[in-house]
Structure formats: C-alpha cells, structure tokens
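As written, the chain order gives the labels A, B and C, with residue 1 at the start of each chain.
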Amino acid sequence: MTKTFSGNFFEDFRVGQTIRHATPRTVTTGDVALYNGLFGARFAVQSSDAFAKSIGYPQSPIDDLLVFHIVFGKTVPDISLNAVANLGYANFRFLAPVYPGDTLNAVSEVIGLKENSNRKTGIVFVRSVGYKADGTQVLEYVRWVMVHKRDAAAPSPGEHIPRLPTALDVNLLGDACPPIDSGAYDNVLAGSPYRFGDYNVGEKIDHIDGVTVEEAEHQIATRLYQNTARIHFNQFNEGQGRFGRRLVYGGHVISLARALSFNGLGNAFHVAAINGGRHVAPLFAGNTVFAWSEILAKAELPRRNDVGALRVRTIATKDKPCNDFPLKNGEEDDPAVILDLDYWVLIPR
Amino acid sequence: MTKTFSGNFFEDFRVGQTIRHATPRTVTTGDVALYNGLFGARFAVQSSDAFAKSIGYPQSPIDDLLVFHIVFGKTVPDISLNAVANLGYANFRFLAPVYPGDTLNAVSEVIGLKENSNRKTGIVFVRSVGYKADGTQVLEYVRWVMVHKRDAAAPSPGEHIPRLPTALDVNLLGDACPPIDSGAYDNVLAGSPYRFGDYNVGEKIDHIDGVTVEEAEHQIATRLYQNTARIHFNQFNEGQGRFGRRLVYGGHVISLARALSFNGLGNAFHVAAINGGRHVAPLFAGNTVFAWSEILAKAELPRRNDVGALRVRTIATKDKPCNDFPLKNGEEDDPAVILDLDYWVLIPR
Amino acid sequence: MTKTFSGNFFEDFRVGQTIRHATPRTVTTGDVALYNGLFGARFAVQSSDAFAKSIGYPQSPIDDLLVFHIVFGKTVPDISLNAVANLGYANFRFLAPVYPGDTLNAVSEVIGLKENSNRKTGIVFVRSVGYKADGTQVLEYVRWVMVHKRDAAAPSPGEHIPRLPTALDVNLLGDACPPIDSGAYDNVLAGSPYRFGDYNVGEKIDHIDGVTVEEAEHQIATRLYQNTARIHFNQFNEGQGRFGRRLVYGGHVISLARALSFNGLGNAFHVAAINGGRHVAPLFAGNTVFAWSEILAKAELPRRNDVGALRVRTIATKDKPCNDFPLKNGEEDDPAVILDLDYWVLIPR
C-alpha cells in the first residue's frame, strides 16, 4: 500500500462532495516580484504602493491572476491530476482584494458529474473557492474538466449537469475593488489616457507586442503556484507523449495576454470576473505570444461612480501578430489562436 | 600582484585553522518566493505563516535546505573553489530555525587534511557552522572535499583524518524545531494523512513525479546562494572541459529530491540532520530528475511527544522513473542514479 | 484610432519638453532576491542588513544598478521604443540611497535634438531623473539615443546639441552614500582585504570568472524592470530581423560585469556615478561574459574621510577570457569586447 498520492479518478468523485485542498500559502512581495519578472505587468495599482494609496487602497493588492493561479494550483492534486483536458470556466469572480501577508486556502465542492459515452473518462464540475486564513472569500469559480477513469468498468458515480451562466451579471462585480478616488487616479503615471468613457462596444485593439516563452519561465511560474500538473515539468515522460514535449500551463497564457493587454487597456487595473474561456490550442516553449482584444460590452456598476466595467474578449495567438485580429479561418479556429477569454475588467470613470 | 582571489589550494590549509567567510546574507521572503518557484516545495509549515502559527511557530521558517545552500555558498570561495570533487558530509544538523529577516554568516574550521598519493591533490575536512548576526548557530556540518594543490612539489600541510560518525544520534536531533502542537496540525491542509506511526522501517516510496532541469533554473538557484563554483556558470570554459557542459550544483539535486519527496512524505516538514550523502553521478540541464525513498529507521526523540524522527534514504535518478526503486546494477551503481542521501526528518506524532 | 501606444518618433520630441513616465514601482526585498538570483552580486552592504547597519546604514540599500534599471525601464516606452541604438550616457549619478518599500518614479526633459543627414533618424538627448514618492531624487542621467522618424519627410523638430562633461567631478559624488563608519567595516565579512589606499592608478584587474547568459534570465531581468523594448522579448520578429535573434538588454551586461567585478573590487560597494559607457557589440543568449577593469583615477571626497572614490573602466567581453585584458585589435575594437564602461565607485578608506 503506497503512501504516494496519484490523484482522484472520475469514479472517485460524488456530487455534493467537499474537498479541502492542501497547501495553505502566504503570499508575499517576493511572489509579486517573481510574477513581475515572469510577466512584466505594468498596471500602476499593482505596481506601486504609493499609487494604490493615492486612490484609496491600503497598499498595492496582489495581481488578480496571481491570486487565481495560487488558488487553482491548490485544486490540481485533488481535481485534475488525472485530467485529459480543462474544458471551461463559469461564475468566476473575485470577491475581496488580497495583500502581501495574506494566506490563501482553497476548497472545492463537486457540483456535477457526467460520464462520457466511451466510459473511459467523465466530466467533473467543481465550484472552487479561495479564502484567506480568517475565512474571507477572495475568489470563486466553477470549472469543468475531463478526468480519466481508473477503471472503465467501474460504475458511473452519477450524472448531474449544473446550469451555468454564460456571463457574470454586472451586479455581481466589484467586491474585490474597494471604492477608489477616480479623481486622484493619475492617467499619466498609470500610462494610459483612456478611461471608461473612451471605450466603445465593438472596438478592437491590437496589443502589438509579442513575447517568446522559455521552458524555465513557465516551469518557474507554475511551480510558484504549487501547481503539480505533470505535463508541464517532465520532458522525459512528455517526450514520449501526445505532444513530444512539455505543455505550457494554460494559465500562463492568460497572464501573458493580460500583461500584453496593458498596451491599449492600461487603466483596466482590475479583473473582476471571467465569463468563460477556452484554451483553443496548446502553447510550447519557443512560441511567441501575441494578443488582441475586443470590447464586448460596457456597464455601469450599481451604486458606484468610481469605476465602470468593460466586458473584454482577449484572443491570444502563437507566432502570429494580431494586426488583422486573427480568430477564424473559415468555419475553423485560426490555427494560430491559443486562447479565447471573455472577462470583465474595471476601469476608472 | 593581482587583487583577484583564486581560492585556496590544498597546501594553503592547516589543521586548526579558522576561516570566517564572506558575505553575510539577510534572508527574506523574496528568497523564499524564488526558492519556491525553482523547486515547487509544498510543505505547509514553510508555505503558510497561518499554518506555522497554528502549531506553535512564530511564522513560517525558512526551508532547511535553503539555509544550507546559503551557508554552503559562503564556504565555496574559501574551501572549494579549486575542488576536484565534494566527497562527503557528516555530523550535519540544523540547530535553530531561521526566519525572514535573519542574517546568515558562516565560519569553518579545518579539522583534517590528507594529501593524496599522486601529490597533486589532497583531502580537506572542514567543520562549517552557519550562524545568525546575534551569534545563534543554525547549522553545522563536516564536509570533506578533494582540492588541487597549486604546486605538486609543495610539502604536505600535514596529515590528520578526523573520526566521523556514520549517522547522527537521535538525541542530537530537533533543536531547529520548536515544540509543536501536533493536535493542531491539520493533515488535510498539510496534504498527507500519514504521521510518524504510519511509516514502517523498510518501507519504500516511489515519489512518482519527474522534473526537467533548465540551465536558467540551476544558474538562478546557485547564484541566489552566492555560490561561486565556476563549473555551474561558464559554458565557454566547461564546453572545453570534463563534461563538455555546465554541471548542475549537487545541492540543486538535493532540493529537487526533497520537493519530489512531498508526495509520500508530506508531513515530514523538517530536515533535522543529514547523516551522509553521495553525488553518485553528475546532473546536466535537460535531464529529468525522479526520486524514491526508503525508511531506514524510526526514532522517538527524548523528552518530545510532538514529533518523531524518520531516517530516510532518498535516491534521485536522471531520466529514469523510480517505480522499481533503481539503485544497483549488479555490483555497480545503476547508471541513472545521481544522488544517495541519508537523513533524518521530523514528522508529527 | 487605436488606443495602443507605439512610442514617440524623432519628430514628436521638442527641446524643453518634460515627460512624466508611467509606471510607479515600489521596490521590495522580492526584487532584491530576484536580482541576486539573476546576477549573483556579493557586495556585503547590499547583501546583509546587519552589515549595513554596522557601518551606519539604516538597512541594506537597493543595489545601485537595480535602481538604475527600474528608472531606465520607465523611460523606454516614451523615449526609446523606436530607437535604433542607445548612443551614450553622461552626468549620471546617484543622489540618494533607495530602500525596500520606496516607490520609484521617473521624469525626463528633452535637452537636445539633432536630425541625422539621412533624415530617417535623429538623436534625442534627455535628462532623466528618478525620484521617490516623497520627491527625493535618487538618480539623474543624460542619455542620447538614435530614434526613427515616423515620416522622413517630416520637418526636423529643431536642432540643439547640449554640452556634456566627459566625467563627473568628484565634488558631485557621494550623495547616495551616507557617512559610514569605516572602522566598523569588516574586510573579512566583506570578502576583500583591499581598501582605497591599496589601489593604484593604472592597475588592471582580471575578474577571472565567466557567466553564460540564458534567454530566460535576461527576459526575466528586463521584465522585472518593466522595460518594454521589443527587441529583447520577441523571437518571432527578431528571428526575421537584424540579428536573427533576441538582443540582450545592454543594462544586463552592465549588471553582469558589476557582479563579476566583485572579485578584485569587493569593497567598492557603491556605484556613485557613471562617466560614460559604450555598448561596443551586442550580447546574445548562449554567450559567456567575462570582464576586466582598470583603475583610471583615485580621488578623495571633499569633507569625507570614510570613503574614497575610484574611477574604474570595466571592459566586458563575450566568449573570451580577460587574462590579457582585451580591448583593441590594432585600430579596431577587439571583436570580443561588448561593453566599455567608465564609472566612479566608492570604497572605504
């Protein structure tokens, strides 16, 4: 009887099951520095304590996506160590700001199960919550993932498909952004003259720059989150596997695209929610990532005059600049597209 | 007369000589973050201030091996810049916990010398001590290393071979672990259900996962420790040298194996002592490291009911999974084995 | 009308123009750790709070070159995104120590312009100042850079060439170094027995060691500074460009050479000023960097007995050891030389 944990398989899950995840993690300015070195984010609120204080934060908050990656990383050993593919997200929103010194924990509830017809795999729906040591919830999201069965002959653990919204209601946004003094928000220091009123629905923005990913970079990032998914780290195994090489963590692409989006969305300092997303194709070291965005919608927040919400669709590509906004190739996905992300950002009014 | 220091040669050492090492180093949460990004450690005590406090620590201590690497790094310019090989360790134990903000220093005493029969090299035995700015000793170990002579014709600086134990007595363990509240220790958050009583002598554990090492990763790690050993950094020279390429610092393998060992030894949160170790073969960038462990012994600590000690032998391999516990190939070492480490860990009872 | 910023072109600048740069940046011990991991600096004052305090600092200051890189990085989007080449520096001096927790900002004034005869490019001279959130100036320098015109037919924005000194007057040095207790400065802990009085004008020092640069390393470093110059990050574009590959940020070479210079200049703990510098040839990942230095001058500082100033010329090479102090090959630069830097360091008397 081995003491090594090989992760859960499809038939190990039950609807209603609650899973408390290991390893609690105190987030520090050290994590922030390393995240900056890996992605080069330039949003002023997260970069400068002085700037953050000038608009009403007690100090710079931790980058939203770093919070996500850490919470997500905790769920991997229990939820997706035996995953075939990460299929989707819904109801994904940030609930409270996180600051250096806060300790993050994660818990998941299994809210749906569906065995696939081949009986070799099934889909697991979990609602995961990240929370601080004092219980404050900082993030919640639903994720569904295709997981191997240990034994194809094992009976299905049940079938229940939860109803999930395609987008977050604007009334649910903003809990992780304290009231800010938008008059004190300095556009020049922030690096962009454009605020809520300057964006138009349907507007497309080419973020221009490209960044080439190295093996050391994505491995360091993914380990920083204590994400243990094997496919990112083990060339010996992956060299004999599906792609012949290590796969870059999908969240790495999201963070790269977010950092690139600064050029054109520099004042959109807070990711409030993610409506949905799709990893359209895999990314490997050596590829160069580009991105473009479209403004899908604009919304005022109830009882808030300080910030407004932009619903943004950001497309990331590999080895293809985005000056012509690549997306489809006839009916098919453009083969250069690797990410299609639909999310809400907050931006000063 | 150059001001550059080229390190000591065998004939420069004298038994009884004390060497205070440069450079004092304040350890910070920044070092912790980078160490985490490089190795992906998941032990809850070192990862979460909240968890550490819940069992009686004032905050998360610095990872034991990070303390070791920093202390070791200080000794390199004086002891092993002209080393042929690092031969062994003994009497290696941690003496006090280290916290962010502590400044580490190192001092070594030469306790043995033995010229080799070829007269070109000799073995230097040093007892090195790491201590804080206030004088608190945090780590001591004996290390012996084969060092070049500057001049084969130089007389031997004397011969004295110290007597060294093959393992640390269990009575000497635990000084670096404060009394903990093992009842408050949360197995689920820690990521493992297994405590002291659950391990059996002779038990073998395959740690399953593998991790591929990149040049940037081992260079960043080794520089973080201010370890100046040239063979790790200089492809121009090493390209013409023994291996044709840069050699990964042996301590890097130890940290990789320790991080991998979490899967199966997740509650063994503290390395109390190292009985001995051998770098069986060199590691290079591009190799994938695997590891397995055997429980060599179990011991209760005198006057402590909170934690027990496991004596563990961890074997690391390159480019070979450890499901069949590779070690020997007939009389020879299995050519995949790179590390054979014998050490004591503490684990809650 | 796109919201993406493509940087200024030569005809966008005006003499007398003031440019406040985005993104304010709080410097932390996390940045220090990552900088250490990337360069392996060993100067005791910057490495140990205890050491720094023992000589009169309130704590370890941030490495001077890290301050420079961060300030420089802020100027890139506005000044040099469309640069052909960085041509030179003058009047470059550090004005106040920077500590973890300080927030850095930058502002530049255009002090000179000169269109080139081909009318496709011009030279922009800017005086850039780095300052803390409370207004304290920490660094100033003049830099001139060749910038593309958007439109060769555009009229020149004027011509004015500022007069610039070839070296900083010694009376202007030392503002960023508080009075230190040179008696309390411990040579052994600092790692060098040589002080101000031990260096001679004309003395040459081979710093011996070499360090190979990896793509991940220079990318992480350059992003840490939020430097957005495209040529460092985008293999897709650069693969079709001038060099066929990504170019390492010139400041990376300066930091590598400074770290290497510890071996021979270990007590020269503070870079007080840079008289001038030239990136003689480009550096690429895979190259190994070596360095040597010559003492150009020595000077006492007015009203200070604690430290003296050495004017140092440091030459960095790629793939060529510096034991014979490579510099010229007849009339030409030695093709291995990549950096020729003339600067003032302070060292205890």
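Everything that follows uses one rule, which is that contacts are C-beta pairs under 8 Å (C-beta built on N, C-alpha and C of every residue); 3 or more make two chains touch, one makes a residue touch a chain.
What you see is a predicted model; the values in this text were computed from it and never measured.
Rotation angle relating chain A to chain B: 120°, from a CA superposition, given to the nearest 5.
Shared numbers divided by all numbers used gives the overlap of an interface; between chain A and chain C this overlap falls below half, so the copies present different residues.
Chain C has its Cα centroid 36 Å from the Cα centroid of chain A. Counting partner chains per residue, chain A has residues 28-31, 33-34, 214-217, 220 touching two or more of them.
Here chain C touches chain B in the complex through residues 28-34, 36-40, 42-44, 47-51, 60, 188-192, 194, 198-199, 203, 205-212, 214-217, 220, 263-266, 286, 288, 290, 319-321, going by the rule given at the top. Within the complex formed with chain C, the residues of chain B that make contact are 2-6, 20, 22-26, 28-31, 33-34, 77, 101, 103, 105, 133, 214-217, 219-224, 226, 228, 230, 233-237, 246.
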